[in-house]
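Structures follow.
Two complexes follow with subunit A in common, the first pairing it with subunit B and the second with subunit C.
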Partner chain A sequence: MELSIIFKYAPMLLQGLQLTIIISIGGIICSLALGSVLVALSRSGIRAVVILVRVYTEIILGIPVLVLLYLIYFVLPEVGIRFSEIPTGLLTLTLYYSPYMAEIIRGAINAIPTGQVEAARTVGMSNFQIAKRIMVPQALGLAIPPLTGICIGLVKDSALLSIISVHELAYQTKQAVARTFAPFELWAFVAFCYWAILSFWEVSMRKVEKRVTRYREIG
Partner chain B sequence: MFNTELFFNSVPTLATAAVVTFKLFVCCVCLSLMFGTLSVMLQLSNNRAGYWLSRTYVSVMRGTPLLVQLFVVFFGLPLLGIKGQAFLAAALAIGLNSGAYTTEILRAGIQNVPVGHLEAAASIGMSRLRTWTRVVLPQAFTVSLPALTNEFTIVLKSTPLASVVAVTELTYAGVIIQARAFSAIEVFLPIAVGYIVIALSFTQLARWLERRLRDFHT
Partner chain C sequence: MKNDNEAIRAEGIVKRFGDLTVLRGVSLAVKRGEVVCIMGPSGSGKSTLLRCLNWLSPPTEGTVWLAGEVLGTQETPNGTRVPLPDSKLRRQRSRIGMVFQSFNLWPHRTAIGNVMEGPMIVSGITKSEARRLATEILTRVGLTEKADVYPAKLSGGQQQRVAIARALAMQPEIILFDEPTSALDPELVGEVLDVMKSLATQEITMIVVTHEVGFAKDAADRILFMDEGLIVEEGSPSEFLENPKEERSRQFLERYLN
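Coming up: the complex of A and B.
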């Protein structure tokens, strides 16, 4: 075990980590946005749109991320749509994770009793007020735990983008491995880094959830 | 745009590779169930060290990318004297990873068994082992089946990762053909369809098993 290697290549790995974080945050924001759009579309009541969203969801649930990545990276250029590596990665993560996000958001909204919405309407609340005062505060508490899980999945899958040479953490590790021939040490160290960051994230989200669901204790 | 000749020429290669994917899938599912059962037994036993070992295992497996785990296993095996076993490394990595999720699923299933059943089993004089094999595990397995189906669909969708250590499964076969022919639509579209078909038939099989088990228990 050569631990000095890790110190020597730390700046390189840190650079990768930076990109991993940027891509992850970008992916989370984009897939949440697209997920919300999917929920809105499937609640729109237009048959064709609802079916289209269902088909899209079924396809995504059936294919591996890696295959989706290859479809976007290799197949799309053949029909004339070309992205560079980072947008390709971001697009893959967004397309792949938005149906999962949509499923969680839909579940959280459906869990709110319709009686509450009807009651709010009866006392004269506007749609915006209902969303802000009734739906969001409750749906948020329900959605945060599963969303945390899905976000962790997204961050982990961002490591796959190393395959199309996006210079994120896993890619930088591969580069360091190629130069040092110390694969086990480096990969084990990088695994530890992912684990530390994601565990911290999970613990903080649990705190956020506690805070968001304070109303349950008061009531 | 769609070269049918290339498509038909690549079908035999892809079919052979699909068999490898299927084998890998079966190995991973077996390993996942094995590690999951072992780890849940440790977690529910009264042994503190075992409990923490299992918790750490689950936390590490859920907190690190499968790709990184695969590399750790792939480069770790030679340190144990096992060299050049890409298939084994892939199966082991995916199985270990999925085992963590299986642990949690089985734990929920086992804790779902009413305490009354255990007390009833104890009062009619069943041994601990018999209580497990006759009372706890059948019920836990039935309850966990939908979640396990979900998890194993994810396992199927993780098998393409084996391509990064050069196991010639479905996706990697596609990459090879694509690199030779400089054409991707003809290979990756059938591959995507192939995964959807395998995933759908697997879930249908699991649904059928679920129904059978439910009829059996009621």
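Coming up: the complex of A and C.
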């Protein structure tokens, strides 16, 4: 066990970590945004649109993220659509995770009793005001626990992008291992990094959730 | 259809859900300051009628006038009626308060937050003004000390009084109550009825769906009895409660008066 290897390759690994964080945050934001759009579309009442969203969701739910990555990276260029590595990675994570995000958002919205919305209507609130002041604040509290889980999945899956040479943490580690032949130290360290970041994320989100749902306490 | 003394009028209200006709031509008129109780067996269409009167669920046929103004629709230049634009409908709705059987408070807002919401968001008054107004109204329903408490920590009776305060805060021309005490434990019914009785004496126009015979006797100017989507009998509380004309009313009252 040689810790000096980790110190020596720390700058390289930190670069990878930085990209992992950027891609993860980008993926989370984009898939949340697309997920919200999917929810809005499936509530639009336009039959063709609703069916389209349904089909898209079914397709995504039925294929592994790795296959989606290959489709975008290797197959799309055949029909003339080509993205470089990082956009490919972001697109894959976004397309793959948005239906899951949509499902969570939908569930949180549906969990708000319709009576509350009707009460808001009788007061004279608009749909936008109802969404902003009645639905979103409560849906947030309901959605945070499942969203935390799905975001953790997304961060972990970002390691798959090393396959298409995105220089994120797993890729950088592979490079370092190839040079040092010290797989144990490096991979153990990287595993610890993922674990530390994701645990911190989970604990923080639990705090946030507690905060935004304080109103439910009866004690 | 102008009548300065009239708070709300409905004519020929028909409501269908698919093949099911729930209201079959209901007409009523309520004067300003009047308290009208609606009674009737379960499924007779009482809730549906209230929801037509504030356009939560627009009637299939018929017209509602709010202080002489047609509710929910407007006439186009070529004489047909079309749904009112949402902004105008919202303004009309804010003039009709509603209190629900299940309170329907917003759980993420405190008692005073629930009361302030409408004045602040819909009427557009400032937060401090809204707070002053809401404090005053919470005092009227006897909940001054509970202002900063979330609904989860209030009893059913207190929650319903907050809901009444929320409706009052919009200074509505009429308040509709849909079985406001049916979801309450018996020992909590009184505090809510007391608040409603005090409103009744303050010249607030109310339509109250209720089976509380005592309340109807004390506070109502008129009782309407509904069955199978129609108003089948109407009279003063003493006439109706002591001397119902219809067989159906008699059977119904026998069940509730014992």
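We take it that the second predicted complex is superposed on the first by the 217 of 219 C-alpha atoms of A that agree within 3 Å, B and C clash if a C-alpha of one lies under 4 Å from a C-alpha of the other, contacts with A are read in each partner's own complex, and residues count from 1 in each chain.
Heads up, the rule we're going with is that contacts are C-beta pairs under 8 Å (C-beta built on N, C-alpha and C of every residue); 3 or more make two chains touch, one makes a residue touch a chain.
Just so we're clear, the structure is a prediction, and the values are computed from it rather than from any experiment.
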Touched partner set for A:160, first subunit B, second subunit C, both or neither: first
Residue contacts on subunit A - larger count, subunit B or subunit C: B
Touching partner for A:133 - first (subunit B), second (subunit C), both, neither: second
First (subunit B), second (subunit C), both or neither touched by A:63: first
Which of subunit B and subunit C A:170 touches, first, second, both or neither: first
In the complex, subunit B residues that touch subunit A: 1, 59-60, 62-69, 71-72, 75-76, 79, 153, 156-161, 163-164, 171, 174-175, 178, 183-185, 188-189, 191-192, 195-196, 199-200
Footprint of subunit A on subunit C - complex, ascending: 54, 56, 86-87, 90-91, 93-94, 96-98, 100, 102, 104-109, 117-118, 121-122, 150-153, 163, 166-167, 170
Complex contact set, residues of subunit A against subunit C: 113, 115-116, 118-127, 129, 133-134, 137-138, 141, 214-218
List of subunit A residues in touch with subunit B within their complex: 58-59, 61-68, 70-71, 74-75, 78-79, 152, 155-160, 162-163, 170, 173, 183-184, 187-188, 190-192, 194-195, 198-199, 202
